Amino acid sequence: MLALVYFIILGVIAVGAALCVLLSRHPLYGALSLIVSMVSLAGIYGLVGSPFLGVVQVMVYAGAIMMLVTFVIMVLNGAKDKRTPMFDGVSLFIIPAVIVLAAMVGFALMRATLTFDTATVAGSVKVTSEALFNMAATGPGYFLLFEVIGVLLLSAMVAAIFLAKRHLGSVITDNTEEKH
Amino acid sequence: MELQAMYIQILALVIFAIGIIVAISRRNLFFVLMGVELALNAVNLSFVGFAKTLPAEASVTGQIVPLFSIAVAAAEACVGFAMVIMIFRNKESVDADSYSDMKG
Amino acid sequence: MLLHLLVIAPFVAAILMVLNSREDSSASSRMAILMGAAFTAMSVALIVTGNQATTPMEWFHIPGTRGPVYYYLYAHGLGTWMVFLSCGLSLVALISARCTTGKDYRNFAIGIFALMGAMNGTFLAADAVLFFFFFEAMVIPAAILIAGFGGEKRTTAAMTFAIYTLVGSAPMMVALWYLLTIADNFLLLSMAVAIQSLPPYQQDLVLLSFLLAFVVKTPIFPFHGWQAITYSEAPAPLSAILTGAMSKAGVFGFIAWVLPIFPMNLNYISGLMWLGLLTAVYGALMALRATDGKRLLAYSSMSHLGFAVAGVFSLSEAMLPAVLVLLVAHGISAGVQYFLMGVAERMTGTRNITEMGGLSGKNPVFSFLFGTAGVMALAVPGTAGFVGEFTVLLSLWDLGPLPALVGGFCLILSATYVLRFIQKVIFGMPAREYQEGTRTTALEGVSFGTMLALLLAFGLHPAFVTNSLHLFDEVATEETATELVEEVAEPAEEHLMTAEELRELDSTLAASGFSEEERKALLTQIQSIEKVDSVEVQDSTEVQDSAVVQEPAVETDSAAAQVETPAVETEKTEASENE
Amino acid sequence: MTYLPLWFIPLFPLIGTILLGTIAVVSSGAKKGPSEGLVGTLAVLFPALSFAVVAILACTMPEAGIRETLCNWIDIPLFRADIGFLFDGLSRIMLLFVTGIGSLIAMYSIGYMHGDRGFARFFAYINLFLFSMIVLVLADSLLLTFLGWEGVGLCSYLLIGFWNQDIKNCKAANKAFIVNRVGDVGFLLGMLTLVTIGGSSILNYDGLAAFIKMIFGADMVSEVVIPLSLAGILIFIGCTGKSAQIPLLTWLPDAMAGPTPVSALIHAATMVTSGVYLLARLGLMFSMLDYVLLAITFVGMFTALWAAIAGLLQNDIKKVLAYSTISQLGYMFMAAGVCAFDASIFHVFTHAFFKAALFLGAGAVIHSLAGEQDMRRMGGMINKTPVTACVMIFAFLAIVGFPGFAGFWSKDLILERIFVSGPIVGPLVYVVGLATAVITAVYMGRLIIMTFFGKYRGSKESEEHIHEAPAVMLIPMVILAFGAIFSGYLWADSIGITFFRDSMASVVGPAQALYASTNAVSHVNPVIFAALGTVAALAGMFIAWKVFIRARIIGVKGASTVPEGSAASWTFLWDYIHCAFIAGVNILAWFCDVVVEKVLQAIQWTLAAIVEILGDGASVLQVRKVRLQLAFSIAGVALLVMLVVFSGGLV
């Protein structure tokens, strides 16, 4: 009962924040609303028994990624674009389409019967890491995926540097030209 | 009135829909990216919700996958924003519709 | 090994050609001609060594089907000779193109090698999907070559060619896919078995979509729209390959795939025979009016192939050797005519035969070759064309005088247009002054002469060609066959052969070089002996030409004796397990 | 006893062909042609060697003939044929005069073709022709005969169009080949009919004889006579093509476009008689087929009469001879039609001599007049070229059947056989034949008179150049003239010599016996026929003398040496009928080209246009905005899901 109350509160906050993202004009406001939404989702994770995931959500998502977003928005001052309307003809077409799709999916979803299993394991750090780093030959082998994710992040970093470097390089050449 | 597994799915669906709407109907590139993040979050939530319907050991797996998806989202955001910066420098615009050079 | 080489190595050769310098066309031409000669030698070796097969290798698995696609090649008499045509004509094309392509020779050679590999694959594939893969793959290098080296309207020609043939075989792909969902694998017999389980209207539908692909490729009368423009716009050496080897893929498809898979659905057969004859007459009539030399040859080629198709669907006992000789003869003679037409075009700078003339005075060697090639195309006795046309007419006469009369009419028409062609090109006086281009080079002359000599040799001793169809019989007698007979015959008496075993037997028979007809007849025989009440047998025995089925049960034993040892043993162990 | 191998006979001309062909091709690039002495020697040597072999074989041959199978030719299911040769009484006679006259004419050609650029090429063709002709005659099966049959047709084509710079010659050559091809297809289909009746072994001549014996033994005659008649008619069509009979006769007058030795060898002596040879060879089969025989008789009769009348109207010396050939061939067919194969072959034999002599004489005249062929510009040549004139006059006497000359014996024999063959048809055909003999004497007399008597009607300067032909041309002519006089004595029935008949009896005897057994043959004293024939010849000569020696023949002016009367001018309606066929085919071709092809193209382009329009339409949908496209796809997915859900798909 209490869980339901918490869930409703957190859910309403998450949805509300999401709608704020949709309706805010300045990207910075949107980013802040997104952080709110994510934090409340982290709360829901904790509520259903995955505290570790909730913590990661707050730290990585709300913390690191959204930090990056706000940083970029601030760097690019021109991001605030008053000329473009928030919504246009396309939006009017999209919103009903997505709502209909969601309704259909929901309709299909409602036919299923879902119940929480009573014997679920709470996703604590210990449990999660044991599963994640189970290196037994018969195990699920998530550690391999973990390595791959590492490589992915590395390559993403390289890509980002590459994209930024070209830009910086051109700036540098511009400067040298000015000097000569 | 207990918390039902279905509620979580409904919430995920709603947030996902909002995320998609943001990603497509807004023309500002930042909003597009943020909409994608929102949709990803909804998917994570759905994962966790489903995981909780599984028995014992299996439920752990459902909580590990969102971890990976968060990591991928991080990579995606990293590269995505780098591209936004570059394109913005070239075009002086964050309007997604102004990027139509590829149209044949 | 030879088969793998013939299919894979041309693609490797194409890649090797890429390594050549673009600038030094003489070096690349030397290399290309050497490799072409090597392939021709290999194809001759294939003819000499006779029927053979590779071990089937699983290639990939199409989702939704029941068995894997095999990379599985086998050579039987028909395919072997087609491979010979494709390799030989490619070699001469490589020689002949030296004077016309100039700096782009390397690219031309790349295209020719790719085309050759695809054609060899088509003629050697034992697996339907593999066959279809190569069948489609042929179109691409050919279209690219036309677009790159053709005449004035080359892009139109290339587009027409590619679209027409690809669209034509699209229904076949669908039908193939559909068949594969019900057949156990993609080899001939299992598809033939599978087709029997379909309701009749579906069988007809599948048959029609198979036919369409081959009818377009050959081409047969209402579907010949691509042919004239393609052959006339393509560079002459390529036209020679297209008509000499590639168009044979259509007739080959009729013989090697349609007839074995659909032995029961013969109600279209007589229709197709008449369509073939109609094509023959139509092509000849069109050739009468053509003024573009290459277009004339295109229609003449259409006429001959229509005649061949009519021969195929006469379904007479003599059909296979007759059509084979006709195809080989037409491949060589049409090929050499195209090459010579290319030389004439090179010398006079025009394709319009009304503007040519008088070449006999200017270049007697050329005219000698040209006239001889023309006469050989007339099917004068003593040339291979005569043996082919005579035996095909014999097959047609089996069905009644009317088809043969129409065939005879075609012979008269062919004399008319060929003589007109010869007269316009080499006789008389030149209709206009022209800058004389490169004459026949020595190498060209030798290669054309060789082709003409081959025609003569095959005409005087067609056993060169026809014997390859039963080459295996001679080889088999050397084996100590008796114990194998006992091994196989014993289990066969004791239990009913299952469908799997039949299929296995079929593949082993294929591996040992039996033609489809033979295998079909044998298996039908086996099944009827053992009273298998499975689907496929009863009707086909009735519809098949009685002469084919007549072969006595002894034949079954000896045939089974020819099965290779390992396969027999597995079969035997399986049999005992089943017991 | 061992004999010389039969394949020696065709081998020599084949070697000659290859040698001379190589010389021709190799020397074609050079400025000066190859040495004419060398080429001429080679060209005569090989036919002569072949003649020698034939002569040796002819002397040592046993009565039953020599059979030789070289190798297998075609071996497929349903059909099997061997390459084999058969040397018996019939092929002996044919080969003797084919190789003999061939050698003589080759020798003559050395003089006639002197200085021609294609000297070596000409003799290569001649050797190839002799090879084909030998194969035709020597073959032991229809299929191999067909090889020679088409081979001689091909050589005829090559030689008619020998001077191929002139497109008219090429057209005449094409016409000859195509008309022959029509006949050849008949031959081919006839062979197929035979194969379906009796299997592939029936194509062998011995096999055919065995088959006919078998059906008589098994009493199956009534069952097979109809298919056999079909085969007979089809093969006879082949013979009409090759031997220029109605309806396929129009090519022979045009074929005179070739060099004159060619006309003598191919279009008079040898090739055109191969139809008669084939009928004789298949005599046993034809003797069963009454209706076919009747058709042959009437075709021969009409051809003989028609060609004789047409010959009256020609001005070109070679065309007169061409029509005369057709007419004489008609006689041979008449004889074959009453199963008098030995008489028919005998006429072939004598005709070969006198017609070759006539043609060679005409060639010598043309040669001495530098290519003039129009008889209206000749005249009075007997003083200038006495040897030629004598040769031609002897040959003339032979052809009209003057008593004692070759034609007298053979033609009267034919007429006699025709008369006695049956009650109504026999006399009727006989009368027509006799009338034809009169007309023959008239037009041949006209030719001799216009050429050799009277005054020279050509231009003055050309008169200066008239000279007798060189010895190399005269020797063969004289030999042939002797043949024209004496060859008839091989079978002079009236004075009791039957050597020729006896030598052929083993081959055609059974057929004639079979025919005689079914047809009532009356006996009349041969002297009456001889007398009537003589009267006919004398009457014709008299008419010719009366009419043409006094008639003013208008000399034509102008330098044109083009032979008159080309194409359809004097062939009455046969050329027009052929033209109608050709027009029919052309209309059909036009219909295919202009109507059917265009309709097909229209359909093709319509389909292509529809696809293109659809494609254009679809490309309009490709909007500039990525977002809108995404929206479309989402809406599409929504629609699909709705469809699935509401159709109860997701249960």
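We just call them A, B, C and D in the order they show up, numbering each chain from 1.
Basically, a contact is a pair of C-beta atoms (placed from the backbone, for glycine too) under 8 Å apart; a residue touches a chain by one contact, two chains touch by 3 or more.
All figures in this text were calculated on a predicted structure; none of them were measured in a lab.
Colleague: Taking contacts as defined above, which has more of them, B-D or C-D?
Modeller: C-D
Colleague: With chain centres taken as the means of their Cα atoms, state the distance from subunit B to subunit C in Å.
Modeller: Result: the chain centres lie 57 Å from each other.
Colleague: Where the CA atoms of subunit B average out and where those of subunit D average out, how many Å apart are those spots?
Modeller: Centre separation, subunit B to subunit D: 93 Å.
Colleague: So the centre of each chain is just the mean of its C-alpha atoms; given that, what is the distance between subunit A and subunit C in Å?
Modeller: Once rounded, the distance between the two centres reads 62 Å.
Colleague: Please work out the Cα centroid separation of subunit C and subunit D, and write it as a whole number of Å.
Modeller: The separation of the two C-alpha centroids amounts to 38 Å.
Colleague: Show the residues in subunit A shared as contacts by 2 or more other chains, in ascending order.
Modeller: Residues 90, 94, 98, 101, 105.
Colleague: Got the subunit C residues that touch at least 2 other chains?
Modeller: Subunit C, residues with two or more chain partners: not present.
Colleague: Where does subunit D touch two or more other chains at once, residue-wise?
Modeller: Residues 625, 627, 631, 634 of subunit D each touch two or more of the other chains.
Colleague: Write out all the pairs of touching chains, ordered by chain label.
Modeller: Every pair of chains meeting the touch criterion: A-B, A-D, B-D, C-D.
Colleague: Which residues of subunit D touch subunit A in the complex?
Modeller: Contacts found on subunit D: 625, 627-628, 631, 634-635, 637-638, 641-642, 645, 650.
Colleague: Could you pull out which subunit B residues touch subunit A in their complex?
Modeller: Residues in contact with subunit A: 1-11, 13-22, 24-28, 30-31, 33-35, 37-38, 41, 44-45, 48-57, 59-61, 63-64, 66-68, 70-79, 81-86, 88-89, 92-95.
Colleague: Please output the residues of subunit A touching subunit B within their complex, sorted ascending.
Modeller: Those residues of subunit A that touch subunit B are 1, 3-4, 7, 11, 14-15, 18-19, 21-22, 27, 30-31, 34, 37-38, 41, 44-45, 47-50, 52-53, 56-57, 60-61, 64-65, 68-69, 72-73, 75-76, 78-79, 81, 84-88, 90-91, 94-95, 98-99, 101-102, 105-106, 109-110, 114-117, 119-121, 123, 127-128, 131-132, 140, 142, 145-146, 149, 152-153, 155-157, 159-160, 163-164, 166-167.
Colleague: Give every residue of subunit D touching subunit B within the complex, in rising order.
Modeller: 622, 624-627, 630-631, 634
Colleague: Once bound in the complex, which stretches of subunit A touch subunit D?
Modeller: My answer: residues 90, 93-94, 97-98, 100-101, 104-105, 107-108, 111.
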